[in-house]
Each structure stands twice: as C-alpha cells, then as structure tokens.
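Structures incoming, each one as structure tokens.
Next, two complexes with chain A in common: one pairs it with chain B, the other with chain C.
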Partner chain A sequence: MSLRYLASRLVQGLFVLWVAFTLSFFLLYWLPGDPIIAMLGAGGELQSYDSAEVARLRAEFHLDQPLIVQYLFALGDLLCFDLGTSIQAGTPVTEAIATALPSTLALAASALVIALVVGTAIAVAATLTRRPWLRDTLAALPGLGVALPTFWVGLMLLQIFSFRLPLLPAVGTGSPAAIVLPAVTLAIPLSAIIAQVLFRSLQNAWIHPFVTTFRASGYTRLRLLLRQALPVALLPALTMGGVLFGQALAGSVVVENVFSRQGLGRLAQTAVAGQDIPLVQGIVLFAAAVFVLVNLITDLSYPLLDPRLRDAGRTVEKKDSGTFAEAAGNEGARP
Partner chain B sequence: MSVATELQKNNLNEVVEAGGLHRFTSAVGASRIGIVEVIAIIVLGLAALAALWPGLLTSVDPLTGDPAVRLLPPSAEHVFGTDQLGRDVFSRTVHGSAQTLAASLAAVLIGVGVGVLIGLLSGFFSGVLDAVFMRIVDVLQAVPGLLLSMAVITALGFGTLNVAVAVGVAAVPSFARLTRAEVTRWRSTEFVRASRADGLSAASVLARHILPQVRGPIVALLALEFGSAVLAVSALSFLGFGAPPPQPEWGLLVSEGRDFLAAAWWMTTFPGLVVAAVVLAANRLSHAVNSEKGF
Partner chain C sequence: MTFAEMSASEFVHSTDTRRMGTAENRAGVLLAALAAGSLLLTGCSGSAQADGENATPQDGGVLKVAYDVDPTCLDGQQVGQNVTLNITRQITDSLTDQDPKTGEIKPWLAQSWDVSDDAKTFTFHLRDGVKFQDGTDFTSASVKENIEAIEDLGAKATIGQSYIDGLTSIETPDEQTVTFSFDKANAQFLQATSTMNLGFYSSKTLKQTAEQRCTGKDLVGTGPFALDKVEHNKAIILKRNDDYDWPSSLAGHDGPAHLDGIEFSIVPEASVRNGSLLSGQVDVDTSVQSQDEKTLEAQGLDIVSRANPGVVYNLVPKTTGAIASDKAVRKALIKGIDREQLNTVVSDHQAPATSVLAKSTPGYEDLSAALAYDPDGAKKLLDDAGWKPGADGIRVKDGTKLSTTLTYWQDAPFLELVQQQLRTIGFDLQLEKKTIAEVTALQAEGKEDFTFGNLTRSDADILRNYFGAKEQNANSRKPGEIDEILARTTETLDEDERKADFTEAAELILDEGYSIPIVELTGIVGTGRDVHDFSFEASSRYQLYDTWLGGDQG
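Presenting the complex of A and B:
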C-alpha cells in the first residue's frame, strides 16, 4: 500500500468531515429560537433578563455577528479541536463528549461482541444445515431482528428479567451485571445486520470453484466452511464496520434512555431536548468522525487480510454501494 | 422508437439472466406469493384501515378514560387492557396509527422525492453536479440515521410533522444511491443511446426510458424504507420529540406504559407488537417485490 493512497484516503475523510461541519452548522444556526434566552432559563419571559447581560453573552458566543463570520469563527475553533461550549451545561463540548464516552463505549463494545458471535453463529448454521426448515428459520431471523423496535425490546427484557424473574438490575451504570440487558438489547439489530451480510457472502463463497475442489479432496463441510469459506466471506462483511459502529452509537440513544444509563446517547437526547446547538453539532460531528475513521481502518486492513491485494497495492474494487442489497443492509436496522 | 424498445427488451433479458445467481442466493426457498405475503398484506391493510377509518375497528373514545376501570388486564371488553386513566389501550393504538403511519408515509415520500431527483441528475449528468451531490450524500450516510434526524429536529423543533421531515432527510441517501447506480447502469445501454440519437431531449430520455427501468428497485426500497420510517418515527416519539402526550401515537404509547411496566405489562407490550408487525410486513413485501423483479 502506497503512502500516496493513504494520504488521499485521509484527505477524503477530512473532506467529508468538513462538509458535515458546514451542513450541520448552517442547518442548526439558521434557527428561529434564541439560544441565549434558552441558556438563561427559557420560559419566554424576556423582560426579566438584564439586556446588558444578554448582549454580553451574545457577543461572547459571537451570536451578534453575521452568520458567515460565526461560521468562520467556529471553523477556526474546530481546527484546534474546540467544538464550542455547551449552552446548557456551560462546559466545553469536547469535555462533555469525553465524559460521556466511556460508558457508551463499554455498552457498544459489549453489544458488538455479542452481535458478532450470535450473527456469525446464525450465518454459519444456516449455511451448514441440510434441513430446509431450519435453514429457512435461521435465514428469517435477521429480518425479525431488524423489525423489532429497540425501545420495545429493551422494555420487554426489563419486564421479564428484572421484574418477573429478578435476575438482573433494571437501571443504572454501576454494577457489571447492569450492562447485560442494555448490551443484549443493542446487540439484536447489530447481530441481524451481521448475520444477513455474512449469510449472503457465505453463500457466494460456497459456490466458488475452490470450494468444490476442497470438497472433492475430502474436506468435511464444517472444516471447509470455517477454514476456507469464512475468511473469504468475512471480507465483504468487513465493509459493514462503519455502519455497525454508527448503528451502535444511534442505538445507544434509545437504549440508554430505556435503561437510564449515562452516556453519549443520553447526552444527545438532552442536547436535542434543550436545543443545545453546539452540543448537538459536536455529537453529530463525532459520529461522522467515528464512521470515517472506522471506514479508513477497514479499507487499510483489506490488503492485510486478502493476499490477492497485497502485491497489487490497491484496494478491493468496491461495489457501488447503491445496490439494493447494500441499502437493505444499511437501512434496515434503524432503532 | 421501435429500435429502442427492441433493444430495451434484449437488455432486460440479459439482466434477468445475469440476476439468476443473485436470485438463487437472496430468495432462500421463498415462493413468490406465499402465505407470508398474504399475511403481510392483511397486516398492512388493517393498519391502513385503522389510520383512515378508526371508527370501523373500535367505537371507544381514545382520549376519555373511566377511573373505575383503570389498569385492567386484557379481557373481552378491553382487548389490549386499560391504562392508568382507564383509557382503552386498543382504541388508543388504533387511533394512534393515523399519526404514526401518516408521518412515516410523509417521511418516505420526502426521501423518495428528493433522493430519486438527486440520483437521476447525478447519474445522468455525471461531472461536477454528480460530485457535489454525492459528497453531500456521503455526509448524510456518515451520520447514523437517528442522530441525523435528531439534528434536524433540533433545528425545526418538536412535533409529528417535523419528525416526518427529519426521518425523510435520513432516508434520502439510500434512494439517491440506488437511483444513481441504476441510472449509470442504463445510461450507456444501446437503447438509451439510440433514443438520444433519435433526437430525444435529456429530460424525456430520463422520464421515458430510464425512470421505468429504475422503478422496480425503487418500489422495493420504498416498502423497506417505509418499515424503517415506522421504526424511526416511533423511536423519536418514544424519546418525546413527536406529538405531545394526550395524543395517541405508537411510540408515545409505549413510553407512557413504561412507568407501569411491573404492574401493567399490556400497556407497553401491545403497542410495541403492533409496530413490530407493521415493520415486519413492510419488509416482507419489499423482499417479495425485490425477488419478483429479479435483480
């Protein structure tokens, strides 16, 4: 892999972030509401505020300047990794995100691990089985997992495992057991995506000539699948990495609400509820940055995983992601 | 003109043959119109009935409660039970379908309208326009759908209509990408080039020759996106960004029931099940349309 390729990918990623920043800035700051009034306690009783204080704050946040000047100020701050100040909390946005991140990261990581195990198991079992009814049942599971509303699944699990059979704690961030139910809830749509994509690419790998060759030379189906077909099938599934992270992040909004956990999703919800524009923009940018970063890592790890690409020095010729299958995989799993 | 249609037919045959492999892998043991599709159509039909003429399914008022019958479990009289104010949960679910389904439909229409337009222009007039549109689509796809919708809600404010717009914006990229991919596939085919040579304008080639080819895949995606929109709309109203509380709305109903999770399981279980059933039905239909078109 050439350095030039790496650099061009980096520039592309930064470009996407810049466009994301610009779009979100003009969307959010072109607002009817007044964030300063909101910050001073809302309510709409304008006369009760000291107008000098309002003017001072407005100047402090550059809100008295024309929009384009505000934009340039914000862009300049962004270059120094400064996302502005949360209007509600009065703390820097980067600090608010950094405080909320560990809890969400733990949740997302446990959910991804569960999803990876369950999703792979479903795809492998559906490919291996010779019983049509079992294969059809397993192949239908992802569709079901994607259709269940995340908030409802969470409440159902709470009902069964915390209230009916008091096995697991209902709320909170404290004990290690408290992460089980939220992680399982979040893992359901994720495992559905993984199972769907992996099942499809396993079937494609299964009809490769090399599989027939191995079969003819006496490999058992299980060994053939695990040793030969799975590595080939995992490559296309890897492109889902960015989408999976994004889904985990978006899902955390709902899951953290249901289980009263602290974290990034919770932060996003309160930010939207309180029209805390800098914080909303910061979280949106953070999500975009994570997506760009994960995709970059995926792209760069391709040649390491696929020997065919190592010497060629180029990335896998990516299918146009506008195919129906991709759209289905990407879009089917909103919480 | 006849040359163009003949070529169009040839092209279709080729695509169907090339799609054979894909069909083999994607339609796992599925017959085209089976019992599952019939159930899916019935579920969606009932949901549409509830949205358009709720009076046909229930005569109970969704907003006034009778304190004497509060928190009753499901029975013959109250199929889904009653809530903390003695309101009938079944009636509230039926009356809530109008809000949720109308918002989801509006969202999908926004998504398909804007997305297909971007995709058509982007795919047909490649170049600067294509590059600009696709970078914007890249960004819309880089932010997870729910967060994108929440950002739009921050700008527009709360309410069912704003939720619909927000979910619609999040649906734009998948329609734009699908349309663009299909248009680029058809643009260089012989029948399109032949009709251009016949002297047809770009607009009429797009409308008369390319759009009909793109329609099938878009209809399949439409059904799928409708399911996602129902999920997104109810998730956003569950989070409290939709209609204000006295209104019945599916996500809101589930959210109202969470304080009574231990005491009244029916308040959360049934509205959620209805959401899941509608989404599942839409997804099944999308799958059926998709495998019928053979791509």
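Presenting the complex of A and C:
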C-alpha cells in the first residue's frame, strides 16, 4: 500500500467532510424559523421581544450577515477547529459532543458485540442444519429483525424486563445494568444485517469444490465451517462496517430516547428541535468524520485479511462474495 | 458510497420516529437520522397534594423526578421554561412569597416592606443571617447587584425585565434595607419579588457570562437545595443545603429541607415515565398523559394538579390580519366554541376556560357568561358582517375565505375538537403542529392572523403585560380604552380595587374579541406512594422544601 494511495484517500475524506458541512449548513439555514427567537422563546409561552435586543444577539452569532458571509465565517472557524458554542445551552459544541460521546460509544460497542455473536450464530446454524424447515425459519429471522421497529422493541423490552419483572433499570446512563436493554434493542437490526450477509456468503462458500475436498479428507461439517468457510465468508461482511456504523448511529437516536440515555442521538434530536445550528453542524461533522474513518480502515484492512490484495496494492476493488470464496477456495485447496 | 449508505439507514429509522407519534415537521424530515421528533414541554403545574394522614415528616432520601424535556438553560433569571423554574425555585429564595391559596404576599427574605402611596417606591427590610451556598452573606448589596444583572441580560431576561420596567434607582442605605424607585406607578412589582425570575445568586455567579450561567456551573443561590451536578439529557442533581434556616413564612417547618437531595432525570417517553413511576423506579412523573391517569389512580398513586395561573390557552387575534381584523369574526369564534364539550377530550384535572385568566390567578373573576356556547349567535354575527356560506360550507366575503392556519407546538389535542366546532359555524381552522423554534419565529414575524398559547403568572398584571398596547401588544392594536383601565391597575396595591379594574379589562378584552379562551393549562403530576407534601407555589411551579419521603404506609 503506497503513501500516495493513503494521501488520496485522506483528501477524499476531507472532501466528504466539506460536503457534509456545506450541505448541513445550507439545509439548516433554509429551515423556517429563527435560532435567536428559538433561544429566547425556550419556555414556549407567548412572548414578544425587544427588536433591538434581538438584533444585537443576532449580530453576536453573525446571523445578521448575508448567508454566504455566515458560511465563510463558519468555514473559517472550522478550519481553526472551532465548532462554536451551542446557542441553547451555552456550552462549547466540542464539549457537548465530548460529554455525550462515551455513552453512545458504550451503547454502540455493546450492541455491535451482541450483534456479531447473534448474527454469526444465526448464519452458522442456518448453514449447518440439515432440516429445511429450521433453515428456512433461521433464514427468515434477519428480515424480521430489520422490519421490527426499534422503538416498539424497546418499549416491549422495558415492559417485560423492567416494569413487570423488576430485573433491569428503565431509565438512565449510570449503572452497567442500564446498558443491557438498550444494547439488545439496538443489536436486533444490526444482527439482522450481519446474519443476512454472512448466511449468503456462507451458502456461496459451501457449494465450492474446496468444501468437498475437505469433507473427503475427514473434516466434520462444523469444523469445516468454522475453520475454513467462516473466515472466507467474513470478508464480505467486513465491507458492511460502514453500514453497520451508520445503522448504530441512526438507531441510537431512537434507542437513547426510549431508554432516556444521554448520548449523541439525544443531543442531535434536541439540537434539531431547538434549531441549535452550531450544535447540529458539530454532530453532522463528527458523524461524517467517523464514517470516513471507518470506511478508510475497512479498505485498508482488506489486504491484511486477503493475501491476494497485498500484491494488487492500491487497485483495491470490490469483489462480489462469490469471487472471494472461489479464490480463497482454490487457495485453501492448494496444500 | 458513504452517503448512499447513510441515507439508506436514515430512511429505515425515519419510519421509527414517526411511530413515536411526535411532531412531524420539515426539520425532522430533513434530518431524519438525527431528529427523533420533538418531544415538547406541555407545561407543568398542580395543586398542593392533600396528604390525608397527619404523619410526621421523615428526613432523608433522594426524590427522583422524571422530566419530559431537558432544561437547556438552567438560569431562572434568563428563561421562562417551567422545567428550569422548577429547579430554580429549589436553589434560590425570593424577597417575598405568595400564598397559593389566597394570592397574598408574605415575608421571606424580606421580613417587611413599605410601599409609597403612589406605588412608585418599594422599601424592603431584609432578614438577618441569610447566606449563599458558597458562604457569602446575602445583603441589600446582593439584591441590588442581582436586579442590575437582570437589566444587563437584555433580551435574555424578558420576564424579569418586564417586572422592573421603569426602574430608576436601587438604594441600599444599610445592609438590611433596599429601596426600589420607579418613574411610574408599578403595583405589580410586589408580587414580582415573589417570583423565581427575581431569585438571587451570589456575586460569583453574577460575574459569569450569560452562557456560562446557562450551563449551571457555579449557579449559587440561598435556597434549601444546591445545584450539585448538571449532565444534559442525563440528570440534574440537587443536594440539601444543611445551613438553610430562612424558609418562607408559608413553609411547613424550619431548618434544612427534609430531603437529602433531588434528582431530576430526563425521560422523554411518556409510557416509560409512567412505567417507571408504577414500578417505583422514579418518585414523580411531571407530565402524566390523560390516558394514564386512571391506571395510576387504580394503583393507589396520587395525581396532583394545579392550573397554571395567568392567561389560559387561548387564540390571540392580530388586528392587522386579513380576517382577524373583523370584530364580528373574533366574537363569532368566542361564541362558536362549546367549552363544555371540550371536557370530554381533556384530562379530568383540566378545566375549560371561564375567563381570559385561569381560576388559580389572584384577581380572577368568573366571566363564563361571556363565553357561553351560542352557535346561532355566531352564525348571525357572521351573516350580518357579510360572511356568506360558500359551496363547501366555509364562509366567504369579497372573495376572502373565512379560513386561517394556526401553527402551534403544544400538546393540545383539544384543538382538533375546536376545529370541528368552528367548522359548523363556517370557519375553517387549519392546524399545523411544528417545533417550538418554528412557531416562535412565525409568531415573532407577526404575519399570522391568530396565535395560540398561554402565559403563566400568578398576578392579573399578565393582562396588562400581554394585551397592553404599550407592552407586548399581543393584538397589534392601537391604544384604547383597555389601556386606560390597565394603566389604573398599576397605581394601587388595594387588592379589591385591582381586581375590579382587571375584571373590567378582561370583560372589555372578551367584548372586543381580543382573546378567544379555550381551556386552562394544567400540568398533571403523578407521585409515588412514598412521596408526601409535594407542593406547588403560587405560579404552580414545585416547592419541595417541605416534601418528604416515607415508605411506612404499605
């Protein structure tokens, strides 16, 4: 992997960040409403305001300038790594994000771990079983998992495991027990994606000649699947890294609201409702940056996992899972 | 690739947010991945809980309160948000206190006061030995610097500033005496000194910027509880001020508060608040949905409520509007609403409006005769004014349809019934629910024919403040007879005289159709079995100094 490749990817990443920043900036400013009035009217009761005072506040946030000047101001601040101050809460945007981040990370990480275990288990079981009805049932689970509304699942879990059976707390971010239900809720759609992708690629791997060769040399189905087919099938699942991350972040908005958890999702929701433009932009930028990073890491890790790509160097291309399995299958059959 | 993936996952979840039954709006659609809909404040209030037993209060325990929205700014001098003011009341004290039952002003940090006959000069004699939570003394200088700080906050302290309008000087002849002088009569100022909007912070707090104060860091008052920790969207924790010994003359006991502390958590989902209260995970649900009331009561939990004093939920016409400028239309709207029928869609604890002011407002007078349901009278008014029914039943005059779009953000499902009722007199009320940010911006533009909302204040002066042509001038009208009556109310502190004047003003407001009252705003609070003496001060915000927890009653 050459430095040139890395540099071009970084430039691409910065371009994506700039686009995200610009798009969100104009979308937010074209929304009906006025952030200053929103700040002053936080109580929501009818009020009228001294227009001179409102104008002064507007100037303080550069909101009296033409749109393009405001944009350049914001872009300039961004280049100095200054994301500004939350209009509603008065805290610096970076601080607001830094406070909310740990609990969202903990939630997303635990959900991903659960999703990996459950998703893999479903895919492996569906591939291994010789009973068609069981295989069909297991193969249908991912569709169900994606279709279940996260919001509803969360409320059901709360009803059962917190309100009826006093096992887990319903509210809060503090205790370790409080993360169980939200993580399970968020893990359901994630595990569905993993199970679906993995099941398909395992099926593809399963019909290839190397499987027959291994079985002929005395491998059990389980050992063959875990030792040979699974590592091959995991590669296409890895490309899902970005999607899974996006899903986890989007899901956290709903999950954090249902479970009253502190986090980026809640922060984003209140910021949008209150038209807290600097804060919304900060969150959009942060999410875009992590997206860029996750995709970059995914792409960079291909050659480490797939020996064929080490020679190919920077001409990394996406292959469909069939080709991977076939190629890897030939490799596996070589010794 | 990155963005395609992002938007794909956004769409999956935007369906989820819709299932939450929350406000759909353009902001939400545009940022579906980020916005899970807006869960908005409905306003909290209630009446003092009548604990049947005469149990002895116990000390200790942390009261767990579930809020529906996060108080974004914690400084009570700056914001009028109920969720903020409920906290401000616990951490700051006021010069005076107002009896929620009688509306009388009683001593608190001021032991006594003198008001000049022209209601322009107010002198307060302060209590001795009062200290801020950081150990500094509360003196007349503290009063002066706090009021001056409110002046400096500008538009960020609209409410406080309306209370001290016309202030010319604050004299502090000695540490225990402070004198306010106004350039015009300002009778409402005495009640204003009982509000938390004029609560006191230490010098250290006042030295910070407005933004720093919002974050709640070093927000130091003299109150029975001190702000311990603020974590947005997580918890706001108050701990008992052990040195506290200067409660209001209305309080039930002396010395420090009974509770060790109060923990406000933010639980946006109504069903989760309800379940948490029923399963004992929280002690107080500050915003019970009307459909959950029966369940709570069946389980032996208390529901407490007290209507917010001040202007009720009402439609406010702008006389500059195309159809709201017609007095016949405004009057027809008052006659066209069947307020008795609204009872069927609001909580049992909520009442239809009987005046511009809610019943809990000192100086309230029942004007329900002026609000009687009279659809035939309404139709006649409109006929006579030239509004003739069109083919679709909506009235038309000179090509203008009798139709308006009302934007609002409140949790106000009763508006849909109002919509149906007005349809029968040929008035087309289109309802658009939006976010607070959008609605307040539209209201500030002043282009709409009608706005919707309420105003909380435990003094009838809210009428002058809101409808007065020299004040907020809600109707954008020219000064008239109403303003002369309202001006009179500032000149006397005689309760009977003030009440008579405010009643005359309210009658005139209804007679001109400047307000179309609908229902009172009543927050419904559910409290757990162990919670005793959960009480409300005059403006229906919580007063938790006397509140205690005791689990001895099975």
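Basically, the second predicted complex is superposed on the first by the 302 of 335 C-alpha atoms of A that agree within 3 Å, B and C clash if a C-alpha of one lies under 4 Å from a C-alpha of the other, contacts with A are read in each partner's own complex, and residues count from 1 in each chain.
Basically, a residue touches a chain if its C-beta (ideal position, glycine included) is under 8 Å from a C-beta of that chain, and two chains touch if they have at least 3 such contacts.
As the structure is a prediction and not an experimental result, all values here were calculated from the model.
So, does A:Phe210 touch the first partner chain B, the second partner chain C, both, or neither?
Neither partner.
Name the contact category of A:Leu249: first (chain B only), second (chain C only), both, or neither.
A:Leu249: touches chain B and chain C.
Please work out whether A:Arg200 is in contact with chain B alone, chain C alone, both, or neither, and reply first, second, both or neither.
In the superposition, A:Arg200 touches chain B alone.
Between chain B (first) and chain C (second), which, if any, makes contact with A:Gln262: first, second, both or neither?
After superposition on chain A, A:Gln262 lies in contact with chain C alone.
Tell me the contact category for A:Ala96 with respect to chain B and chain C: first, second, both or neither.
second
Figure out whether A:Val284 sits in contact with chain B (first) or chain C (second), or with both, or with neither.
After superposition on chain A, A:Val284 lies in contact with both partners, chain B and chain C.
For chain A, which residues lie in the overlap of the chain B contacts and the chain C contacts?
16, 27, 31-33, 146, 149-152, 155, 158-159, 163, 242, 246-247, 249-251, 253-254, 257-258, 268-269, 271-273, 275, 280, 283-284, 288, 291-292
Flag every residue of chain A that touches chain C in the complex, lowest number first.
For this pair, the touching residues of chain A are 16, 27, 31-35, 37-38, 40-50, 53-54, 56-57, 85, 88-91, 96, 99-100, 103, 146, 149-152, 155, 158-159, 162-163, 166, 169-174, 189, 242-243, 246-247, 249-251, 253-254, 256-263, 265-275, 280, 283-284, 288, 291-292, 295.
Would you pull the chain A residues touching chain B in the complex into a rising list?
Checking each residue of chain A against chain B gives 15-16, 19-20, 23-24, 27-28, 30-33, 132, 135-136, 139, 143-144, 146-152, 155-156, 158-159, 163, 200, 203-204, 207, 242, 246-247, 249-251, 253-254, 257-258, 268-269, 271-273, 275, 277, 280-281, 283-284, 287-288, 291-292, 320-325, 327-328, 330-332, 334-335.
Give the list of chain B residues in touch with chain A in this complex.
Going through chain B, the ones touching chain A are 21, 25-26, 28-29, 119, 135-136, 138-139, 141-148, 150-155, 157, 170-171, 174, 177-182, 184, 217, 220-221, 224-225, 227-228, 231-232, 234-235, 238-241, 251, 254-255, 257-258, 261-262, 265, 268-269, 272-273, 275-276, 279-280, 283-284, 286-287, 290, 295.
Using the touch definition up top, name the residues of chain C that touch chain A in the complex.
Its residues touching chain A are 1-3, 5-6, 8-10, 12-13, 15-17, 19-20, 26-28, 30-31, 33-41, 43, 66, 70, 72-73, 79-82, 84, 154-156, 158, 209-215, 231-235, 265-269, 271-272, 275-276, 278-279, 281-282, 311, 316, 409-410, 434-438, 440-444, 451, 453-456, 466, 472-474.
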